[in-house]
Amino acid sequence: MAMVCLSDFEAYAKKYLPKIAWDYFAAGADDCTTRDENILAYKRIRFRPRMLRDVSVMDIRTKILGTEISFPVGIAPTGFHQLAWPDGEKSTAKAARAMNTCYIASTYSTCTLEEISAAAPGGLRWFQLYIHRNRAASQQLVQRAEALGFQALVLTTDVPYTGKRRDDVRNGFRLPPHMKVKNLEKAFEVCKMSLLDPSVTWNDIYWLQSLTRLPVIIKGILTREDAELAVRHGVQGIIVSNHGGRQLDEVPATIDALVEVVEAVRGRVEVYVDGGIRKGSDVLKALALGAKCVFIGRPALWGLAYKGEDGLQDVLRILQDEFRLSMALAG
Amino acid sequence: MAMVCLSDFEAYAKKYLPKIAWDYFAAGADDCTTRDENILAYKRIRFRPRMLRDVSVMDIRTKILGTEISFPVGIAPTGFHQLAWPDGEKSTAKAARAMNTCYIASTYSTCTLEEISAAAPGGLRWFQLYIHRNRAASQQLVQRAEALGFQALVLTTDVPYTGKRRDDVRNGFRLPPHMKVKNLEKAFEVCKMSLLDPSVTWNDIYWLQSLTRLPVIIKGILTREDAELAVRHGVQGIIVSNHGGRQLDEVPATIDALVEVVEAVRGRVEVYVDGGIRKGSDVLKALALGAKCVFIGRPALWGLAYKGEDGLQDVLRILQDEFRLSMALAG
Amino acid sequence: MAMVCLSDFEAYAKKYLPKIAWDYFAAGADDCTTRDENILAYKRIRFRPRMLRDVSVMDIRTKILGTEISFPVGIAPTGFHQLAWPDGEKSTAKAARAMNTCYIASTYSTCTLEEISAAAPGGLRWFQLYIHRNRAASQQLVQRAEALGFQALVLTTDVPYTGKRRDDVRNGFRLPPHMKVKNLEKAFEVCKMSLLDPSVTWNDIYWLQSLTRLPVIIKGILTREDAELAVRHGVQGIIVSNHGGRQLDEVPATIDALVEVVEAVRGRVEVYVDGGIRKGSDVLKALALGAKCVFIGRPALWGLAYKGEDGLQDVLRILQDEFRLSMALAG
Amino acid sequence: MAMVCLSDFEAYAKKYLPKIAWDYFAAGADDCTTRDENILAYKRIRFRPRMLRDVSVMDIRTKILGTEISFPVGIAPTGFHQLAWPDGEKSTAKAARAMNTCYIASTYSTCTLEEISAAAPGGLRWFQLYIHRNRAASQQLVQRAEALGFQALVLTTDVPYTGKRRDDVRNGFRLPPHMKVKNLEKAFEVCKMSLLDPSVTWNDIYWLQSLTRLPVIIKGILTREDAELAVRHGVQGIIVSNHGGRQLDEVPATIDALVEVVEAVRGRVEVYVDGGIRKGSDVLKALALGAKCVFIGRPALWGLAYKGEDGLQDVLRILQDEFRLSMALAG
């Protein structure tokens, strides 16, 4: 089977992953309205292509927080990569480095930060974290990440509690016994979301900043009001995200929310977006609407499920080719 | 089969109820456009979720007409609960009391008001009534309800005649011989809607108020004009309702009508809504748009059909959990 | 099978009519977009129902051109009723008279005007005509209709040529040998639409008026501009019609066009509408938007196909009951 | 099987063409959104038909760049006609001449310009070209076309690179060995799109004009800005086109883009449109929105696939009949 577009990887993953793993990755909250809307919203946007411009040479590199990446697509933080491929996040890190882009490693990785770093030395990586009830544990994670060369912290804000994903409830989803949320092994029992602190507020941004010299990026913003608050609290970046439609259902598609966030931010910090990217032209749309870079979640997992590091590189390369072509055709 | 969301109860009821009973509960008028629109209209509404608010402690209790309930979801008046479960409305009353919420008992119950009261002493109950051609009979019902401790009267206004529900006509729907509309046994022959008085007007509200010290709530309002009239006639509450889409088809979804009613009422009386509630987030949407509380109709019947009192409690508990989670995730 | 709503008659006709006849009646031009849009446009309109009005007595009679009918639904002109029922238009005339409503007999009837008149003496009937290349033939038809007591002339304006109905072309549709377009037998060869004169203009209205004392109604108007012209040329009524979507495809639904026609006419003449009426509530919508009366086309043919005169009466009675109920429920 | 409308030819071609050829002709870029939107956009446009106008005589001839054609539908440039019919573009040329309309021969023809000219001497033909990296080759083509009596040059601007058509990638599409892109045989290796020069800009229009006395028409314009630029650079005509949805997906439907282009051009040059024409009424819509003439792409190929020259004539004749009928019915 030829892997021509990202849907081919999706079909592959659906066919070959264990049902419980596929369901976990595919899950959306409640009716999955927002999960699907993330994609549909891109399809509604129309280009106004311009002709007869010299598109013989195109530079698709960009910089995020000052670091160059080969094209404006990074890997969003998602958990449990070993469910998709035995080497898990180590393969993800290798593929991201090979493609010279940014990988946001999740707290809920099935490899430790140390393993991830060792797998692909020198790769550009950010670390995604939650604030736990046990603040000392959060502090420890931040310091480990900083020490390992992670270049930014990505604070996820939309999980005071876990969203209701019906299939996961039906399946009684939990990690197979041979996989662990290794980053949390010492400080916590494994995989209990209730360890997250639902009382976190904007003031905790200051606390987080006090722990580290790394830039702080805030993930999960969907409104102009929160975007303004984020800027005022000194974050260096905002990821417009609805957690792939896995948290509160029936919130806006991220590409729709991006517009108001970009408008509110007025260039004061970088704005990124995740959710619903399935083609290179989606990337171009996001950039045209003000994003500095996009991040892919499920498509990265499909790539892993296909062929680990190589499969994820295939996914990224297809997106890169499609993005370059879209730029050329849009003038 | 795990009962994860309300649709699971619907599927169960559709599978296990006799067809004639399922059809009766599911029926909508004519093309069922409004019945379905009640649900679709909720799906079209988008949240604007706010992040980083302390949602560690949430109080989801509310008061309706001064009485506290555990969360803003009550049981709407629907008829013939014995079609769903042998103990009929007695089970409904028990479940409502167990969950500490309000149950609006229908005139067309298959248990008497006395049986309902005895089944769950101390529960918060309102009584739904029509105005009959035989006013003495209506008066008698009002006085029985008041004497039994029902705390409000809910006057249904959208049934001068019964809507045309095609499947009921095809099925020749009527109650099985062993079930009776017991509340009306003495005064009427059973189950003849034509006993309802189609000449009722706003002035009859005054007549109803003259019979009782109970607050009067008006059910079936869909327009700002009627909302204003209701307030002027001294009602204590309005239930925005289209009778589950069972009366006039192609009227607005209740969640859409709620907006104009709330605007017209300007806080002078409490406004509630029924129709189309299928998830905890629907409840949150209704409250965000000005409802004080919502009432569920068909989902309560599905709960009964599943396991009587316990099944209805399951339904209410799921809604409660989902509502709490939605509040947390919406900030 | 219980005949509960008009769709039941449609299903019956589709099942029992010869395919070539069903296809002919069901046909729409080109992609059938307008044929279907006629129905969908009604479904998009929402009622604003009012409560607590005295609906115990309702008068659903109306007058068209001064003559009372039992309710505001008449029979639109359609051709070839013998394709639906052996007695053809004679049965139609009987049913219309029995229900005390108006029947617009088509030039393309399979019974003569004389047979139609004789079948139901005293019934209210209008005569639909085209203007033929052979004006003397048209004049003869007008005079026959007037002499037979037809009370108005309905001039169809949207057939300078016959629309392209693909299934009819595929079927090679023509009348079976034992049926004839009897009204035209003397003057023409049978069923040649090309006998219609495509050079007819507004001035021919004056010519038509010069032939008769009967009021002239113009059928096929869809724009405010033509409505204004019609009034200026002295017609007594306008039927907003797109020929059931059988002529030019992708014109507006009639219920949508009705609004601008009614606005342009400003009460100077009566406005009627046909196309897409499938429920009593559709009739109410048309009246609420300014129509004096509606006419049904295909549903009448389904009624005939079901049981001739009795079947058509069933259809009319269902519409009448539904219309009365809708009025009551809408307040 | 009766060939009644263009969809019949589509169904035929789909059934009888080799899959790889069908896929190539049917292909759209990425998700095929724009390919399908080209058609859907026509369906959304509504006529406002006028009645009682003399439509007994209608002149459907028009002139494009001063030359009369029998009706405003020409043949758009598409490649590889031998995939549809053995005689390829020679049959196309014959059919176009027989119907007295314009055929835009593609650079990517499987017959030479000389063969095309010889097949139908005296026919009205334009020549579609790209600007190649090897400018001398482009110049040679222009001079051959001019010498052979082609009456205009059509410069395609939306192919700096070839769009991503997934099925072609999956099929590994390339011409069968016995077919050749004959026009390019001498100057190039066959069928390498990368020979096209992606650095072409508006200034190259001047270069093209310097090579020839033929009028230059620009194809692929979708925005008012580019339309203005085209006029300023002295082109004689604009074809609003999105390459049948084969280049950048999710650009506007051509009939939608036509409106802004016509508005920007303000009559200074002729504007044409291709893409999505499937019925005579589509032609009328395009003309009503300002197009001087439309061009058909895939339907011409379906006609060829059906019966070569005769099949294409059938397609054109159906469109002509439908167009004439639509004009009459729209008044």
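The first chain written gets the first letter, and so on, giving A, B, C and D; residue counts start at 1 in each chain.
Here, a residue touches a chain if its C-beta (ideal position, glycine included) is under 8 Å from a C-beta of that chain, and two chains touch if they have at least 3 such contacts.
Predicted model, so just to flag it, every value in this text is computed and none were measured.
Chains that touch both chain A and chain B: there are none.
Rotating chain A by 90 degrees superposes its CA atoms on those of chain D, with the angle stated to the nearest 5.
At the interface between chain B and chain C, two copies of one sequence, fewer than half of the residue numbers in use appear on both sides, so the contact is built from largely different positions.
Remark: chain B and chain C have CA centroids separated by 43 Å (rounded to whole angstrom).
Mean C-alpha position of chain B lies 61 Å from that of chain D. Not a single residue in chain A touches at least two other chains.
In summary, the structure contains touching chain pairs A-B, A-D, B-C, C-D. Contact residues on chain B toward chain A in their complex (touch as defined above): 2, 4-5, 43, 45-57, 279, 281, 322, 325-326, 328-330.
Across the interface of their complex, chain B is touched by residues 30-31, 33, 157-158, 160-161, 163-164, 166, 169-170, 197-202, 204-205, 218, 220-223, 225-226, 229, 247-252 of chain A.
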